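Two complexes follow with subunit A in common, the first pairing it with subunit B and the second with subunit C.
Now for the complex of A and B:
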């Protein structure tokens, strides 16, 4: 799980162009939205694309993102249980 | 009255007639300018190259102008003109959908496939509520640009225009030549 968490942090930095951050700057248990990284609705869409592109997970219900993107740890848990690639 | 003018090319920056000491060139120079002269606006990293150029160019010019920053203003317009429009982001987005077997349209790239976004980004950063516009011309034509600026200044609510030429073709070919016109 720790390896997946690290991988997700690197992918989040890459797809969201968070050039000023390193994986160590992202708190594994902190909310991804609303505070901390100051992500916005476009970032949420980009994370949905990330899940589909890298892990074969289609979020049919976009509102489920609110739950999945609660933190990197929650995201990693969701990926590990639902990934198809 | 002081004339505020800025020019950024891939090889250097001239602000109000003075050449700035910059270490890097090309697209990397925009990041250097951001870190050296702005530094507190992380949204810069999410912007496409045209908006990055617009942000650092207007920041340098407004810092030189020296007026109060970030107060709500209804008397300033942002009018930008270029020839390449959003071609860099257009191409970047096309690449995200080019392969039918791996078609993942990028939302964050797509939002920059309109060139007037750069004018909006500048207005939002500075809390300007006047007109914002991006015009596409075949080439840099100061006579035409001045006509556009004069037209905006006929609005009695607008007392100044931040704008000029801004064009980004690729990471080695770009130019911002901006001024502040005041009534």
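Now for the complex of A and C:
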């Protein structure tokens, strides 16, 4: 799981162009949206693409993202249970 | 003072619910939707429903008397069919055809050919020629050429989904100021894989038939088509002895200044556009008999537009419907397609239905499901676009006279000027935005933001009264990246960031947000004439409104791939990079650099000059 968490952090930084951040700067349990990283709705859509592209998980409803992207840990948990690649 | 009434003396339309006004009228009266499976567009998203025009490119060429091998993009073909109908109805003669300008809204332009051949073009010259009509301005010129109008008298507006409404507003301003006595104005947009995928990345497409204003609405269905009206001054109508179809009694253009791809919760831009239109038409809310809503069917638009309509109309909301439930969302053409639908409703006394609606949304508009035998004196037509470009038109029966407007030609001064040349870095943007904000911005957007905010700072104007942007090719770098990804990797797994910054009005929309400017906001894209047209439009605003300070910018970029294609096509060498110039124009001479000389400033702001004079 720790490996997946690290991998997700790197992918998030890459996909969302968070050039000034390193994986260590992202708190595994902090919220990605609202507070914490302060990402927005467009970032959420990019993360949905990330899930499909890298892990073969298709979220048909954008609002489902709200639950999945609560924190990197929640995201990692969701990926490990639902990944198809 | 002037009371130049703007008459509509001709109209033409082509859409998923019919080719020509007779067919469209029939579909509207029958409540028949044109939305269905995709037939013509070659896409992997075969499960999506769209509002396609039934004719193939070949059939459109045949209708227009063009040869089978004529490489004319679908947007120009659709435009020509609709312009031809409008011109015939207005009875313009051969002499008129040489002088009447064509003002058209489009964003897709020739993207249908470009996306088909983009990968081939990089290795082979076979389809390279289609690149010459890729841009929006050339597409309008193609339309003009096909119908016999002068391609040298064209203006193209690109404010995403409100483009056609803003083209009509520009045309009306030319008539009110006496610059023209007749114009053909409207918009055209063909379906493309590019924007179908773009909207798909934003997850705002309904996979079933769209349901505007319904509680369970899931999004929009894209459509395509074109529509144009002939606008004419009172003097010209009298001289020619023609009977007008209607009066364009009021209009408004405002910026929501909230988000690049979403409308604000209180619908501020839409509210202001509707209020401006009512004020110009000197009408009370009770006098509006019908509103043709923007009503895309996305959760965000229909909520925001409902709030805006309720803010304007309170407890006297007239019947409202979204005819996008029949035509699909025809994006840049929707403003004129819905204007012609409003004309038909007024002339034939009926309210078009809002198909698909079943359940009321919370605090939302309850749309009409269609009514016959009504008398309509005044109707309102809303068009909103990405970048918060919100516009509203009011049509009235021919007897209505328009509001008196101040008709003065104030002296205009250049308050400040800021440039960023092609070899300069865009690092200065950090003075104005946080790294979190800058991370998503492409190079041209950073450059444009830097020169715009520098010019405003030097002029001491935090919030201008209007923002007018000129661009020949728009957001080339982002469009190219999105296109490459789509052509190489397929139509799945595309992200929204590149697409939301690919529309031509990305810069003007962002400037609205950054300066909290809710005023007039427009993007002009007419090849090498873009900047001159933008400066002329600024003068129209100074003459017709009480604007004191207007931000005008000229922004363009080139990429390695594009520079190579242009070199192979034309032999010209263009540098790779971005170029951006912004000026603040003002009626206030205090601290001004000089009085405005359009010819001199055009030369100075011309992006091709900036690119070449290194």
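Rule of thumb we're sticking to: the second predicted complex is superposed on the first by the 85 of 85 C-alpha atoms of A that agree within 3 Å, B and C clash if a C-alpha of one lies under 4 Å from a C-alpha of the other, contacts with A are read in each partner's own complex, and residues count from 1 in each chain.
Everything that follows uses one rule, which is that contacts are C-beta pairs under 8 Å (C-beta built on N, C-alpha and C of every residue); 3 or more make two chains touch, one makes a residue touch a chain.
Model, not experiment: these values are computed from the prediction.
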{"item": "Touched partner set for A:80, first subunit B, second subunit C, both or neither", "value": "neither"}
{"item": "Which of subunit B and subunit C A:49 touches, first, second, both or neither", "value": "both"}
{"item": "Touching partner for A:16 - first (subunit B), second (subunit C), both, neither", "value": "both"}
{"item": "A:38 touches, of subunit B and subunit C: first, second, both or neither?", "value": "both"}
{"item": "First (subunit B), second (subunit C), both or neither touched by A:62", "value": "second"}
{"item": "Shared subunit A surface residues [contacts with subunit B and with subunit C]", "value": "15-20, 38, 42, 45-46, 49, 52-53"}
{"item": "List of subunit C residues in touch with subunit A within their complex", "value": "201-203, 261-262, 435-436, 439-440, 492-497, 500"}
{"item": "Subunit A to subunit C touching residues, read off their complex", "value": "15-20, 38, 41-42, 45-46, 48-49, 52-53, 62"}
{"item": "Subunit A - residues contacting subunit B, complex", "value": "15-20, 38, 42-43, 45-46, 49, 52-53"}
{"item": "Touch list for subunit B against partner subunit A, complex", "value": "31, 42, 45-46, 102, 104-108, 111"}
